[in-house]
Amino acid sequence: MTDPLVWLILLPLTWASLAFPSGPGRGAWLAIAALGVQLMLVLLLVVDVTESGILVRAVGGWGAPLGIDLAADGLSVAMLLLTQVIALPLAIYARSYFSATAPEGKYFWPLCGFLLAGLNGLYLSADLFNLYVTLELVGLAAVGLVAAGGGARQIAAALRYLFAMLLGSGAYLLAVALIYAAYGTVSMKTLAPLITAEAPVVIWLAGGLMLAGLMLKTALFPFHFWLPPAHGGASAPVSALLSALVVKASFYLLLRLWLGPFAGLTAGAGLLGWLPATLGALAILWGSCQAIRAQRIKMLIAYSTVAQLGYLFLIFPLLTGEAALRAGIMQAFAHGLAKAAMFMTAGVLIKATGQDRVDSLAGAAQQLPLTMFAFGLAGVTLTGLPPSAGFLAKWQLIEAAMAQGAWIIAVVVLVGGLLAAGYVFRVLRQGFLLVPATSADTSVFHPLPRTLEWMALLLAAASVLLGLRGVELMELVSLGGAV
Amino acid sequence: MTSGLLFACVGALLFVMGVSGVLLIRHLLRRILAFNLMGSGAFLVLVGLAQRHGVADPVPQAMVLTGIVVAVAATALALALVRRLHALTGKLEPPEADDD
Amino acid sequence: MSLGLGFDLLLAASLLWSGWRALSTPRLDRALVLFIAFGLLMTLTWARLAAPDIALAEAAIGAGLTGALLLDAFGALQAKRAEAEAKK
Amino acid sequence: MKRPVVIPAALLFAVVLILAMVDLAPPALDLRPLVAANLASSGVAHPVTAVLLNYRAYDTLLEIGVLLLALVAILAVSESVPTTSSTSATSSDLLLPMLGRIAAPVMVVVAVYLLSAGTSAPGGAFQAGAVLAAAAVLLHLTGLLPGWRQPGVSLRWGLAGGFLLFVGVGAILLLVEGDLLRYPPDHAGVLIFLIESGLTLSLGLILAGLFLFLSHDKGDVG
Amino acid sequence: MTLNEAMPLAVLASSLLPGLIIFLLPEAWIGRRTVLNLSGAVAKLVLVGVLLVGVQGGVDYGFGYAVLPGLDLLFKVDALGLLFMGLSASLWLLTTLYAIGYLEGAPQRSRFFGFFSLCVTATMGIAMAGNLFTFFIFYELLTLSTFPLVVHRGNDKAMNGGTVYLAYTLAGGALLLIGIIWLHQLLGHGDFAHAGIVTDLDPTYDGQLKIIFLLLIVGVGVKAAIVPLHGWLPQAMVAPAPVSALLHAVAVVKAGAFGVIRIVYEIYGIEFAHTLHLLTPLAMAAAVTIIWGSLRALFQDDLKKRLAYSTVSQVSYIVLGVALFGPVGTVGGLVHLVHQGIMKITLFFCAGNYAETLGIHKVSEMNGVGRRMPLTTLAFGVAALGMMGVPLTAGAISKGWLIEGARAADMNWAIWVLWTSSLLNAAYFLPILWRAGFRQTAPPWPAEQLARHGWRETAWLLLLPPLVTAAATLAVGILATSEFSPLAWAQFIARNEYRLVVP
């Protein structure tokens, strides 16, 4: 009767399309209530998957390969959990953030609903073409959110973002076409045993297209060019949504394809994993250095996202063991929670001071202690310091790297952590700085709803507390192999 | 050579042409054209290659119908953004990368 | 060499040519017209590929609506530009 | 500067791809027999419609979502400055309004035909919706239908209605039949026709909206 | 969960909970904050007392759960940990009193006391860590919670000090982390065991073990301020006096020294470390640090900086004691962990009093201060004499055991190092005492802030703690042979845990 799996897709679709006719700026309470339900659904799903392993649903009752299958295993349920856990506090934050007349909040709720439906759909789909549609749903919703109500800078960022998304999904679509032609199906489950190391050349090309397209969508260096302006330019709740969740979706898909249908290719070519890993390492170094240099606080956080995404790709050469997968998912959680919190604090700081320069934060620790504390906690996670989810991710990643003698990855992880400390503490330092009250460049702090600060703190604290208990999550990830 | 395979090859060329266009052309309206070429190319490969033995296949045809609708949605959104950018800046080319 | 294959080759060449010219021709209005022509050629192609559903959709959406959207945008931009120049 | 890299790479890719495609062996799996075998219980006679609205109806559901989403995104982007109703410049011409008056009803009839034909022959909700949209665009171009500003309540419900209907049917089927969009074979035809009718109307509105909202937004700000 | 399992958590909670609540208290709620602070500190002291009795009676206190599959957060209370906990808990109480007096009327006290409590929590966690993973978590937590205290004043100088502090400790932490994970890789765990845990490994791993040892020691050596990793300590002296007192004389540097002890004894095992020839280089590093720190102290005019370099030098006594392969040296190092803490905190309290009362920050400003502030100067004098190793003080006991230990280990050069260091100690402390006691006053004082009230030369909350610790300096020295002295406890550790034959 109740099937949490399918409702996780239908529910956001419903509230998104109900929020639109309700009128501009409306739909917040509907969304928050529905997100609460979604959170419960995903917890039910966790229980279901823990009890009975992989869940498969045949849409329309046909079943693959004629119909479309939805499937949930540990990996996808973990990503679903991350999505709903972040979305609910974020929605409460957004309700307070957007004033009734704010142009950027006019259609926030329907767009947000479609985005979440796309994400949930993407995590549950086991059909390559259906995944293409969910990718487009996510991509267009994200672009719409970035552009909504924005000035020229934001529109330009949204355009750049849009073309990057379209290129990525175009490459993906061509790959789907080639796969269908070669095997006559787009069902992942049916494909998995068919694709072997002796696959025809078109399959290698398809794999390459998917890899390139999804790396572009995940903003892996050097395809990251679109991310900082888009994430740094959007309004704070949107930036949080994008940085914490949207980029993870294409990463998840890449991982899913790598381990699923394309396992026959990726396992055969051991060196292949070093391509994303090398780019990931460069992303960490480049993104961190740019973050250290950035003048505007949201740009700093956006470049930090470029760097943090790099860690996700370091796992690819290590995927022969399960530890690397766990490290990747832990990093996705750590970064998701912390980055959402960080963008939320940035929203508070910018709203409170009316400025977005790092230099204008002096005195923030005194005026907005809660927000600065939340920023600090999120920063601890991003830096990978204990006790935090980021630390557990780093620990597992280094351990996996050492187990396979990949010393260079361990070194990159450590250096990345130190660089992250560089940009995190740059902000904290500024926040702790006291300027004499008479000084001309003292920022004036405007009062804000406390909800904003508390929601940021909630997510930041979650990112740290996860570092004290990661067993259940890691065991969930291990319930795997839906494809 | 069947017409399926022929048009699949044309599709491949169109796709490549479209991708190059999106990457190289700075004028935004033309970039939208290039994106549509890219999409059409992919659609041709999807249907053409599946029908390379000369028999019609309804599954990829339905997929392409879906794809066309998605493409027009993306095109409309892109146009809306371009027009808005033009209204705000009077330009039809994206500004140089501003990294900060 | 059958008549069908000849027609297909001609169609393929026109597709590639119109697509190419739509991107490369210097004048924007011509590019748009070429693009709409490309859409119509695509319609023919779909018909040749025994896909009448797509042909219908392409004609209505691909060539029709997309073309109308592009032309309308072009017109609006031209009007705006003319207005701006008139002000000078 | 990107040119020397992109163009050779693109050409190389095209050549490799074409060679690989020509070389491709027939697929192991063929869905056509499956499509044909289940056609009887699908509720429609036309295989493409069967794939679109039954076998892979979930794709179609999400795709309508994408379309609706794009429309919402466009509304979110465009400035809501109330401009004076854009009386079309073509009003001096007497021929065009006439054409509009004659053509629009014809197009509505064509749309209804396409919709009903879709179950057994090429055509269906998309094509019908597109024709409806074309009629609206034609009316706009002939000056009979003003460009749309921010949509009113009834228009918004019309835009979202078809999609909501689709989702609703899917949800009810999930509750009753146990699977999302699993039509009971006896009622499949009716349900699909119901969905298609709703979609035709909403698709017509959305596709027209893509044009009319954009068209209204001449971008006259400041 | 049994009571014995809950005890370690209760020790952590007694400072963690007050800390978290204090963060949320409004600035003006001074009374409630003070009550919270003191009740937490007293509760912790009581808990540690209970643990002391229990451990002496052979009770096992421990608690652990899995954080990741195969990776546990593990707390365990043993005699060595209790040595550190006892020191920290008693000095926390005193420093809290001192800080309440010191920060009267200062801004941001909620934040200060909140992080202060977190620091103590981290220290307790380090002391109770049952494996390297847990140790590392609290070790880094200590870094994080001290940073806001170092930069508390919020001026540029404080920021720069904080940045240097972070740069050193985070880089050290990274090396420590890689060493720990490497070891995990080889062993599958990192649990502390009294005889060491790496001895089972095949001899082919000796090379790797040497590198890991270096990584680990450098990692903890940063906090222990072993030369050349000591650069942060003098910089961090920009912090308010209570922070310098508790954290940079006791908690942070001792956490490093404590880490050295754990690594040498309970990861490698002293025998095995000796077989791998790791102890002599460690002793050399300690010796260099002892001399270098003392030499630098000699040339500092800033009083807190002179004390800071003195800390650099003195903490390495502990490391030296560990590296002296033998029971006597071990006892000397362990007991110095406590003795140095008591003496050095006294000195910092006094330095804070001079600064807070009269605005004196430099040695050259101290002429005649002994007449204006006799009690403070008395406490300072006792502690300084202790540092030199004058008989009847705490310092004499630890230095005596260390010298004996060096002789027993046949490392005569170490004796010379200790003697030289004592001479240098005298050279940088005696002039201060002389100035304070015998030079004529040249009023006015740089910035006299608190007037004299009868016998109270300054606020009583500032005066009481140094007097207590100065008395303790004498007490642990005079009563060293009694049953409950730190020395007795150090011998207990050496005998019961490391199975050494202590004379």
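Lettered A, B, C, D and E in written order, each chain numbered from 1.
As a working rule, a contact is a pair of C-beta atoms (placed from the backbone, for glycine too) under 8 Å apart; a residue touches a chain by one contact, two chains touch by 3 or more.
These figures come from a predicted structure and were not determined experimentally.
Trainee: Can you list the clusters of touching chains once chain A is excluded?
Mentor: B, C, D | E
Trainee: Report the chain whose CA-based centre is farthest from the CA-based centre of chain E.
Mentor: C
Trainee: In terms of CA centres, which chain lies closest to the overall middle?
Mentor: It is chain A that sits nearest the middle.
Trainee: In whole angstrom, how far does the Cα centroid of chain D sit from the Cα centroid of chain E?
Mentor: 73
Trainee: As a quick test, compute the distance in whole Å between the mean CA positions of chain A and chain C.
Mentor: Whole-Å distance between the two chain centres: 38.
Trainee: When the C-alpha atoms of chain B and chain C are each averaged to a single point, how far apart are the two points in Å?
Mentor: Once rounded, the distance between the two centres reads 12 Å.
Trainee: If you average the CA atoms of chain C and of chain D, how many Å lie between those two points?
Mentor: Taking the mean C-alpha position of each chain, the two centres sit 19 Å apart.
Trainee: Could you say which residues in chain D touch two or more other chains, in rising order?
Mentor: 13, 17, 21, 24, 31, 35, 48, 55-56, 59, 63, 66, 69-70, 73-74, 77, 79, 126, 207, 210, 214, 218-219
Trainee: Among the residues of chain C, which are close enough to touch at least two other chains?
Mentor: Those would be 53, 57, 61, 65, 69, 73, 76, 80.
Trainee: Residues of chain A that touch two or more other chains: which are they?
Mentor: Correct list: 129, 133, 136, 140, 143-144, 147, 155, 158, 178, 180-181, 184.
Trainee: Hey, which chains are touching each other here?
Mentor: Here the touching chain pairs work out to A-B, A-D, A-E, B-C, B-D, C-D.
Trainee: Could you pull out which chain E residues touch chain A in their complex?
Mentor: Counting only chain E, the residues touching chain A are 23, 65-69, 71, 73, 107-108, 111, 133, 136-137, 140-141, 143-144, 147-148, 151, 153-156, 159, 162-163, 166, 170-171, 173-174, 177-178, 181-182, 184-185.
Trainee: Please name which positions on chain A make contact with chain B in the complex.
Mentor: 129, 132-133, 136, 140, 143-144, 147, 151-153, 155-156, 158-160, 162-163, 166-167, 170-171, 173-174, 176-178, 180-181, 184, 225, 228-229, 290, 293-296, 299
Trainee: Could you please specify the touching residues of chain A with respect to chain D in the complex?
Mentor: On the chain A side, the touching residues are 1, 3, 6-7, 10, 13-14, 16-18, 20-21, 23-24, 57-62, 65-68, 70, 103, 106-108, 110-111, 114, 117-118, 121, 129-130, 133-134, 136-137, 140-141, 143-145, 147-149, 155, 158, 178, 180-185, 190, 194, 200-202, 205.
Trainee: With touch defined as at the start, can you tell me which chain C residues reach chain D in the complex?
Mentor: 52-53, 55-57, 60-61, 64-65, 68-69, 72-73, 76, 79-80
Trainee: Residues of chain A touching chain E in their complex?
Mentor: Residues of chain A touching chain E: 326, 365-366, 369, 373, 380, 383, 385-387, 391-392, 394-396, 398-399, 402-403, 410, 414, 417-418, 421, 425, 428-429, 432-434, 467-471, 474-475.
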